[in-house]
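Report on the structure given below.
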Amino acid sequence: MTEASARGGQPQEFEKALAGGDASVAQFESHDRTMVERLQHFLHSSPAAVPLIVLIASLAIFAMLIGGRFFSAFSLTLILQQVAIVGIVGAAQTLVILTAGIDLSVGAIMVLTSVVMGQFTFRYGLPAPVAILCGFGVGAACGFLNGWLVSRVKLPPFIVTLGTWQVILAANFLYSANETIRAQDIEANAPLLQWFGNSVRLGSAVFTYGVIALVVLVLVLWYVLNHTAWGRHVYAVGDDPEAAELSGVNVNRMLLSVYVLAGLICALAGWALIGRLGSVSPTSGQFANIESITAVVIGGISLFGGRGSILGMLFGALIVGVFSLALRLIGTDPQWTYLLIGVLIIAAVAVDQWIRKVAG
Amino acid sequence: MTEASARGGQPQEFEKALAGGDASVAQFESHDRTMVERLQHFLHSSPAAVPLIVLIASLAIFAMLIGGRFFSAFSLTLILQQVAIVGIVGAAQTLVILTAGIDLSVGAIMVLTSVVMGQFTFRYGLPAPVAILCGFGVGAACGFLNGWLVSRVKLPPFIVTLGTWQVILAANFLYSANETIRAQDIEANAPLLQWFGNSVRLGSAVFTYGVIALVVLVLVLWYVLNHTAWGRHVYAVGDDPEAAELSGVNVNRMLLSVYVLAGLICALAGWALIGRLGSVSPTSGQFANIESITAVVIGGISLFGGRGSILGMLFGALIVGVFSLALRLIGTDPQWTYLLIGVLIIAAVAVDQWIRKVAG
Amino acid sequence: MMQREPVLTARGLVKRYGRVTALDAADFDLYPGEILAVIGDNGAGKSSLIKAISGAITPDEGEIRLDGEPVAFRSPMEARDAGIETVYQNLALSPALSIADNMFLGREIRRAGPLGKWLRMLDRSAMEKRARAMLSELGLMTIQNIGQAVETLSGGQRQGVAVARAAAFGSRVVIMDEPTAALGVKESRRVLELILDVKKRGLPIVLISHNMPHVFEVADRIHIHRLGRRLTVIDPKEYTMSDAVAFMTGAKAPPAVAAVA
Amino acid sequence: MMQREPVLTARGLVKRYGRVTALDAADFDLYPGEILAVIGDNGAGKSSLIKAISGAITPDEGEIRLDGEPVAFRSPMEARDAGIETVYQNLALSPALSIADNMFLGREIRRAGPLGKWLRMLDRSAMEKRARAMLSELGLMTIQNIGQAVETLSGGQRQGVAVARAAAFGSRVVIMDEPTAALGVKESRRVLELILDVKKRGLPIVLISHNMPHVFEVADRIHIHRLGRRLTVIDPKEYTMSDAVAFMTGAKAPPAVAAVA
Amino acid sequence: QEVGACLITKTDTNPFFVKMKEGATAKAQELGVNLKSYAGKIDGDSESQVAAIESCIADGAKGILITASDTAGIVPLIKKARDAGILVIALDTPLDPAEAADATFATDNLLAGELIGKWAAATLGDGAADAKIAFLNLTPSQPTVDVLRNQGFMKGFGIDTKDINRIGDEDDPRIVGHDITNGNEEGGRKAMENLLQKDPSINVVHTINEPAAAGAYEALKAVGMEKNVLIVSVDGGCPGVKNVEAGVIGATSQQYPLLMASLGIEAIKKFAETGEKPQASEGKNFVDTGVALVTANPVDGVESIDVQKGLDLCWG
């Protein structure tokens, strides 16, 4: 018998010394946590907390500075109305960004679907519900195109949606012939298109159906992302797609479903947009992509995917809304608003980084 | 003596069997290369080849379709004039993207510097050369801000420049008080500001100094990126910053220098912009960020950093210019141009992906 | 000596990456209840072989059979559904997800009743309870909080989670690609014990490793891979480590495969 | 027995990552011409120790001396300039750059004359020539094209490039963090020979490894790291592998450090 | 109680709007009106204008002065403001339909276009029959100002406009093409270059406003054609009139933004005090703030003022 087979089935000699050893995997005594560290830990484990705190603080400060004109049920619900569209689009953007993607085409999809809903009703005389369904169909198709290019052709999402953004926007202008459908016509012939413009009033608070849709949408997605397998898979794919694939997530199907869902949500935004503007205007929504990314970023969601909460996006959108309205009411040059939002974006991420670094 | 020390200084028994073995690291016979594979290999190793081929092909096709109106020295040099600004900004964008960053603020820096050059001359009565120097100073400062946030505060470039974009643009509007400086006034009092608008004529070909600046800039950067240590470090940082750091590149300083240089190039673009518009207008350049990214992407430079050639960016910008002009000449709705450019973006990257995959 | 039918067989697997041929008509056989070690030089194609078997890559040619039935997995999930669990060389855990989330990724437990049925709600507490049970059953439970993110674990702990997941869910085959490569002496030993544990439960195991003493300690048979092919299969009781190394590197000609199978 | 002054010493190094203390008042000594192995459990802080020494991280506390002079490297480049070359656990090569570019990264050779002086032009052919010479000198030259990208190399070949780079440029100390972890038997052996080669040239080497037989084969002294600290230093001729493992895991109390240094 | 008012312009970069804001601010100060000003990011940015109107409602403003970017799209929001009891006055650019506002204080844009069209035709004389005309328009959504000036020019020049509410449905061979400028220099230059490529024999250029005209001029100058082409425009800002003097622009229809602004503020003040709304000019559905053709080369049959007069009246 040879050396090796003599030892077959036996650990090497030196490994026997392990018997008396410490069996646990090396752990270090962590020094006692200070208050600051505890705070950091809390903030680290609740990704929507920072934007929520900023939101509340800015509400408080502006309420003091401006008073009742700002801190009234009417104004506060107005902010909600003003962020409803960006918030809905932001929900779509959140899904995509959680998978470590980015969607520059959200605004274009939104406008195109609103144009489709309008033109199918007015140009082809389809009943409004059918036209709306067609709008959702177009939204899903656009999302499918993005998702297919990202998941099957394996192109980077930034580039895919940079391309489809231009394609979809151009298609929108070509198809609509730049024609605005007037509010009066819609009101008279297809009021369903404006449905999201209806509102519930509680005292002087005005909640449009668009606002309600935003809140419901965010809550539903929050549930789905945190309490269903699909949602966990979104996070897993964004975190490390290869790991997700190898541990049993069908990454391609996942990505495809995320982009299609994002397209559908953009169609919802398109419908809500008609409600907000009253009319169907092919030139609207030009900045929806940047604005939705801004909401996501201020909301503490990582552009690298896999981290953050959709609630954060909602708070992020509201923060921008609060600043915009408040500064307008104060009467500063609107450019100061943009400047401040720019600073806010950087500050939000710097704080986030700091928390992560120190909380370890 | 114990078992272990008895063997001290000796390989384990079984390792001695290596003596007779094949000493090379496992290599597989690679099957003979077909023509297609050789082509792929060539394209893979020359990152600017694909955009160059596309450029030549589109020139040829449009020359056939449109004829002399398009394929004339005059028209072709006009394309150069139309892409000069985007090309110069694209050079800055290329540097940043090669480090795996992205710069959304390039357009804003460009406009701000052109406004500074103009206003310092006209508002404060500084001599034009001094005002121009101040413009470059402002460009460098903006770049420094970006670079500092990226390299020291360690924030993602997308977010940093999303923020500084808004901040710089707002600063531009606030500072300029939205005032346009007339071309005629500049011509009369500070013609140096319009210097890049001068041109050299060769027959019917018109080369503005702006165009010449673009070509020279790209060639110089090509040299620097490929034949100096600094240039190789740009690639190394974009490829894998941690590896670059550990193997002796000062990544922070590198990133800072790239963003500052990008800011300086944007200032050059700002100066050239005055030459192109004649006047100083604070509203121009709004889409320079997207357009420069488009040129970079069509030029085959990877958004993940570390791969691609700045020559590709130049070809990418020219491709966009050729399509825009040619489609106008054919008389299609300008939206078709955007649509086609969108398709081009996606196609360019898909081809690139395919080459990489198959060339292995 | 082994007259039983193999659990898993592969014949003539080919996989090309551009100009590299990672698998070049490779064969493979795994018998019930055995530990089969796969050894070979770096780049010999070991990982490619087990990726093909576990659905992580699709071979260009060749046939795979599970219990005699031809199978063609198009994803790791399909292989898992068929009872083949794999611990990949790069672990395949999602850093930001919790230990429990990772263990149940792709096979989450839903709540009973309408919440689960209609709202597809996950049963977090059930998953955490089972995950904790799985880890302690395997003696790996020094982790306090099963809800903590995997990225906060040490390399050894992560390996433990990956192995525990495979051991717990594998119903027909467990495959491990270099599970001890980055591990210390103590941690490696733990993993080897785990492998023997799994074997005791009657599951066949494929173990890829560069560590000869480990291989010869636990393997029932050793598949030697060379230049993208199965060169031979040896019985560790009949050959020495020196022999194995000599075959692996081409220093000696191997015995025919049939000798062992 | 070693009366010479140490080349490199560290005293009381501390490094904290958030709530984890990776180095907890760690000491370290390296003597001229020796191979010092560093062993310890996963997460014991070995990599953190050598990162602190090589400038890749800045320790929160503690002092490092090179040839008796206090040093405080703020980057790996500074350590390299002082003659300390390191092969990191994750290799630290840039995948898209060529082998030659990688070997000369951060210390490129410029052309002679005005081209180099004014235009700072690199001397590509000189670098490729020297790179080829370095690789073949170390017996690692099976690579055909020195201009090929590192990403096209196998794991073993990459390791070879990294080790060759360190061996060629290290003038005072060469540090290697688990250089054989992912390597096969043959490739590991090659790296060990390389280490002995470097030693022959008179350079001291720090070798981190989990492979006890390798450690006991090549090391002159063994630094045992435990819970972020140096537990002890032993002479492999006086202790067995079993002893080392017992110290490392806390099964046995170690001898005092002074006994060996 | 203080009267609050809002001024919402298309951009805050076009000198025209800068002046309008200055005028409104001065008047507001004089009358003790508390004025807040808003603007879109670019010409065509309707969303910012929507948000601005909402802010004004929340702010309890008594009146809104707006130059709408999307003249049809903004109408529902205008209705909301009016429903909230706010007086809404369209400045410069009529809404679509014009009645959507309580009043419109604007140049007669159709007439402005007609004047420069007539002038161009008369200046060319017989050449008008085979002129080559480029149209540099505003934005894709064809806002009212854009349509009125463009179609007005055609009317004045003697081109069949077909549907007078739509740009681009004409088939006159003298039209080389239409392109959009976003009403600024950069857009003007690009659009001019594009149309020049389409037909380098262009000899008449209609521009939506003077910034666009300045850009077009640079494009022509770059190819040495600035002397052979007639550029006509609308605005009459001081830089524009100087350009007329310098021969850059052949003729421009001068508008009076300061008047629009001050009339607007006065109307709001009056409305706040008495509830009275302004009346439209005789025979028009808006309050005409006047227009005058400024040119150094007057032609028969088209009334015009000279450069000196233009400079006396100019703004900005």
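Letters A, B, C, D and E mark the chains in the order given here, with residues in each chain numbered from 1 onward.
Throughout what follows, a residue touches a chain if its C-beta (ideal position, glycine included) is under 8 Å from a C-beta of that chain, and two chains touch if they have at least 3 such contacts.
In this text the structure is predicted, and so the values were computed from the model without any measurement.
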_Touching both chain C and chain E (chains)_ = A, B
*What chains do chain B and chain C have as common neighbours?*
A, D
*Among the chains, which one keeps its Cα centre farthest from the Cα centre of chain D?*
E
*Could you pull out the chain whose C-alpha mean position is farthest off from that of chain C?*
E
_Can you work out the whole-Å distance between the CA centroids of chain B and chain D?_
38
_Mean-CA-position distance for chain D and chain A (Å)_ = 46
*Just curious, how far off is chain E from chain D if you go by their C-alpha centres, in Å?*
73
*asked:* Show the residues in chain B shared as contacts by 2 or more other chains, in ascending order.
replied: 3-4, 12-15, 18, 21, 25-26, 173
*Mind pulling the chain D residues that touch 2 or more other chains?*
41-44, 154, 156, 185-187, 212, 240-245, 248-249
*Considering chain E alone, which of its residues make contact with at least two other chains?*
12
*Using the touch rule from the top of the page, what pairs of chains touch, sorted by label?*
A-B, A-C, A-D, A-E, B-C, B-D, B-E, C-D
*Spell out the residues on chain D that touch chain B in their complex, using ranges where they run on.*
56, 75-77, 80, 86, 88, 90-97, 101-102, 105-108, 110, 119-122, 142, 154, 156-157, 160, 165, 185-187, 189, 192, 212-213, 216-218, 236-244
*Can you name the residues of chain B that touch chain D in the complex?*
2-5, 7-12, 14-15, 18, 21, 23-27, 223, 227-230, 232-233, 235-236, 239-240, 242-250, 306-307
*Tell me, which parts of chain D touch chain C in their complex?*
40-44, 154-156, 178, 181-188, 210, 212, 245, 248-249
*Within their complex, state which residues of chain A touch chain E.*
69-70, 72, 74-75, 78, 81-82, 173, 178, 180, 182-184, 197, 276-279, 281-287, 324-325, 328-329, 331, 333-335
*Across the complex, what residues on chain D touch chain A?*
17-22, 24, 41-44, 212, 226-228, 240-246, 248-252
